[in-house]
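Below, each structure is written out as structure tokens.
Here come two complexes built around chain A, the first alongside chain B, the second alongside chain C.
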Partner chain A sequence: MQDNQKPNISSTADLRQEVAQLMVECLNLEVTADQISPDAPLYGDGLGLDSIDVLEVALVLSKRYGLQLRSDSADNQHIFSSLRSLADYIATHKTL
Partner chain B sequence: MPSLPLVSHNSPDSIIAWRADGAVTLQQFLSEVSQLAALFPAGRHLLNMCSDRYRFSVGLAAAIVAGKISLLPSTYAPEVVRQIKTFAPDVFCLTDSDLCTVDLPRLRYPVMNDGPQDELAIPQIKATQHIAVVFTSGSTGTPQPHPKTWGALVGSVQAEAQRLGLGLLHNCTLIGTVPPQHMYGFESTVLMAWHSGCALNHAQPFYPADICRALAAVPAPRVLVSSPLHLRTLLAAGLLLPEITQVVSATAPLSAQLAQEIETRCNTQLIEIYGSTETGQIATRHPTQSCAWQLFPGIKLAIEGDCVRACGGHIETPIAMSDTIEPVTDKLFLLHGRIADLVNIGGKRHSLASLDHLLNNIPGVADGAFYMPDETSADHVTRLAACVVAPGMDASNLLAALREHIDPVFLPRPLLLVDALPRNSTGKLPRAALQALFQTCT
Partner chain C sequence: MTTPAILSAWAQTPERSNMLMLRAMTWISLHLGRRAARVVLHLIAGYFLLFAPASRRASGSYLKRALDRPVRWRDLYQHFFTFAATIHDRVYLVNHRFDLFDFEVHGEDTLQRLLAEGNGLFLMGAHLGSFEVIRAMGRMDKDLRVAMLMHEDNAQKINTMLAAINPEAVQDIIGLGHIDSMLRVRERLDDGCVVGMLVDRTPADDTLYPVQILGSHANLPTGPFRMVALLRRPVVFMTGLYLGGNRYSIHFDLLADFSAVERGERDAAIQAAITRYAVLLDKYCRKAPYNWFNFFDFWRATPPKSS
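Up next is the complex of A and B:
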């Protein structure tokens, strides 16, 4: 399945809330799901996630939504840039 | 003075690596090494940041042939890059990314000419040549250099290849999930391929699906060189795995349960490697058979009080180990965790004393201490926390300041702002008091 063959679907506020909640639980974050701003960076100065977190979150997301993240897909750099972009990616690619 | 060949492959058509576009022969590799060496600036030190393992290996080989020294710091945090520049003012950076922003003169990995070449001889490298300097975090905030000679590194990976039985596998490919710039990846995915007749795979797979794809992209036999973090997530993803002949793990000991699961699911043998940045690898174990570690031939452990030093074999000067080691015989030992000052997060090590030092040097911090909570599960990563007295500052200022100095995996979570640290009358901070404070605040 090629990424570029799927039309991008925007995520709903409900899906973003659910993804934020999964991240908070998976990583024991200090914030609550509704404190994660949809457009703030997840890496670095934003939520402060690093590569270990990304691997853990990807595993939880793969189980919940039936998708496998791959670092060679063209939009990989973009996927974890914010909660909104992550949730948009899930909305487009989920199979569960 | 004895010399050792750059690689042990001997036929010009031997496969030395796999790239996205297929196999790379020894002849093509040597041609690319010489093309890259011709582009190097005059500086004697380079920071090889290539994320593609094949390009890293060409950069390393070109540096060796040109008599240059590859610097391998534990992180590229801006302050560490400044310290590297102080250590070696002539350092330049070799990068294969257009997004590289490191503050050093940069050499972009070139597009290679792959036309027909004259047959090139395999370079012979003096055993005493310093080819790399690997850095540890040190205990005062300044990275500590550990120079490595060609002879010692080759000796260590030859011992490893023998332990893994790679000599018996023909045309084997090493697939690594660990970066080639980390001592373990440097030895076990690059140098060991060069000195066991194996090929290295160019990829740096990250997600479970990437690892499956990297494995499937090369022919069997395949050796997966990985870490507990990647192996645990790979198994948990439940993907169909290509045939794997051997799994190698290092950076932290695996739990017996995960080791058994890996062997069952991959239908193969799992070997763990133990070592340190200072010594390189020194021992292996087959965890489903025995929890004891077997030293490489010639390496000995010398005990002086609480301190265990490794010496002999490829170790040039005796090194005090940072783990609690219990010798069983002169060839076997047990590991009982780390010495308190050292933390290991996802295979990256840092001295706690050094982290405290960096924290207390941030302007506005009156007092502060890092705290390593007890590990809850052997195969999961436990994170550092910190308690800080810094009136008028917030956690985000402090984290931004720390980010300048340390790898993000060491950033504390949570970073608790407190009114005072529970120091005792002598000014010491007992771990139990810090633990109690941490538990009250969370």
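Up next is the complex of A and C:
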């Protein structure tokens, strides 16, 4: 509930770069962080992550930023839709 | 699960008449008793033997490996009958008629010890024997909660089938293919649930790992093992082998415990777990050869889409 009261903050380019770097490292992606387009889909077509990759990213991001990503959030589809939306979510919800 | 096999293979007719047949079988099974219903199973096994050449070839090619001797017609018949019998027994298991069966359980202490830790665990099975007998374990342990992880289209078929057998039967199913499927799995585990899956069939898009099963090269999917490693849980191999009559032997074997496996050791631990899965699959195939329910050429280079 309290999550909804947080204002939507747009992520900075620095945070997007940092998140992209974490994803590249934890998934051993064959692209560099700055090759990940902020608005390309992460899941399925696009970067081509599968649900296990998403889990791996979620675990790493939860630890790094103190997030609680839950499956009952209807927003997951949106949060993981692109690097930009993922970084925006982190900017709004991070506790670390 | 074996359900897609029932729906697509049982009598090889369109799905609606399969459901009709399933309902009819359920009625016969519950009202006339297991013995009378099993007469019908012999007809089904005979039908397969005569009119399902592709299944017959797959059966022969598997049995030649598992039995390590020339395959006879009665072996093929026994194989089809075992398949039909275990599917049929699901009717009773789903309706909690555990009293009809004689279950011998091996490795229950392993299961209980890991469950007592409270962090949940994974059960990995195969299309070998009956995974449904896990329901019988719930009779001994009332707190045992099992969620099955499977592809979404199979989940829908399972629910349709369960509704036909027992409208009150519920199966907690986590569908794969959603962005947050794995987050759901993690939450079930955090609640102390068991998450079960059958991992011997390989989805077209999964990375494969080569193993030896029954003396031949085969491929197993790495995805399920990666998931277990990431979620850092113990994983137990499970099979419920049908031994004839009303007897099943249920086996639990620890495959791996990823609870303390750090990132750097992960890949090696995953490979070790897949190899052990193959060893156990091999062992139980030889122990109860007619329980193998992959009626396609399992050992061919490109496996079919998983179910």
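By definition in this document, the second predicted complex is superposed on the first by the 95 of 96 C-alpha atoms of A that agree within 3 Å, B and C clash if a C-alpha of one lies under 4 Å from a C-alpha of the other, contacts with A are read in each partner's own complex, and residues count from 1 in each chain.
One rule holds for everything that comes next: a residue touches a chain if its C-beta (ideal position, glycine included) is under 8 Å from a C-beta of that chain, and two chains touch if they have at least 3 such contacts.
Here the structure is a predicted model, which is why all the values come from computation and not from measurement.
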item: Contacts of A:D45 with chain B and chain C, given as first, second, both or neither; value: first
item: Chain B versus chain C as contact partner of A:E56, first or second or both or neither; value: both
item: Which superposed partner A:F80 touches (first chain B, second chain C, both, neither); value: second
item: Touched partner set for A:D14, first chain B, second chain C, both or neither; value: neither
item: Partner chain in contact with A:E30 - chain B first, chain C second, else both or neither; value: first
item: Chain C-contacting residues of chain A that also contact chain B; value: 50-52, 55-56, 58-59, 69-71
item: Of all residues in chain A, those that touch chain B in their complex; value: 29-30, 44-45, 48, 50-52, 55-56, 58-59, 62, 68-72
item: List of chain B residues in touch with chain A within their complex; value: 205-210, 213, 229-230, 233, 236-237, 239, 345-346, 381, 396, 399-400, 403, 408-409, 411, 413-414
item: Residues of chain A defined as touching chain C within the complex; value: 43, 50-52, 54-56, 58-59, 69-71, 73, 76-77, 80
item: Contacting residues of chain C [partner chain A, same complex]; value: 176-187, 205, 223, 226-227, 230-231
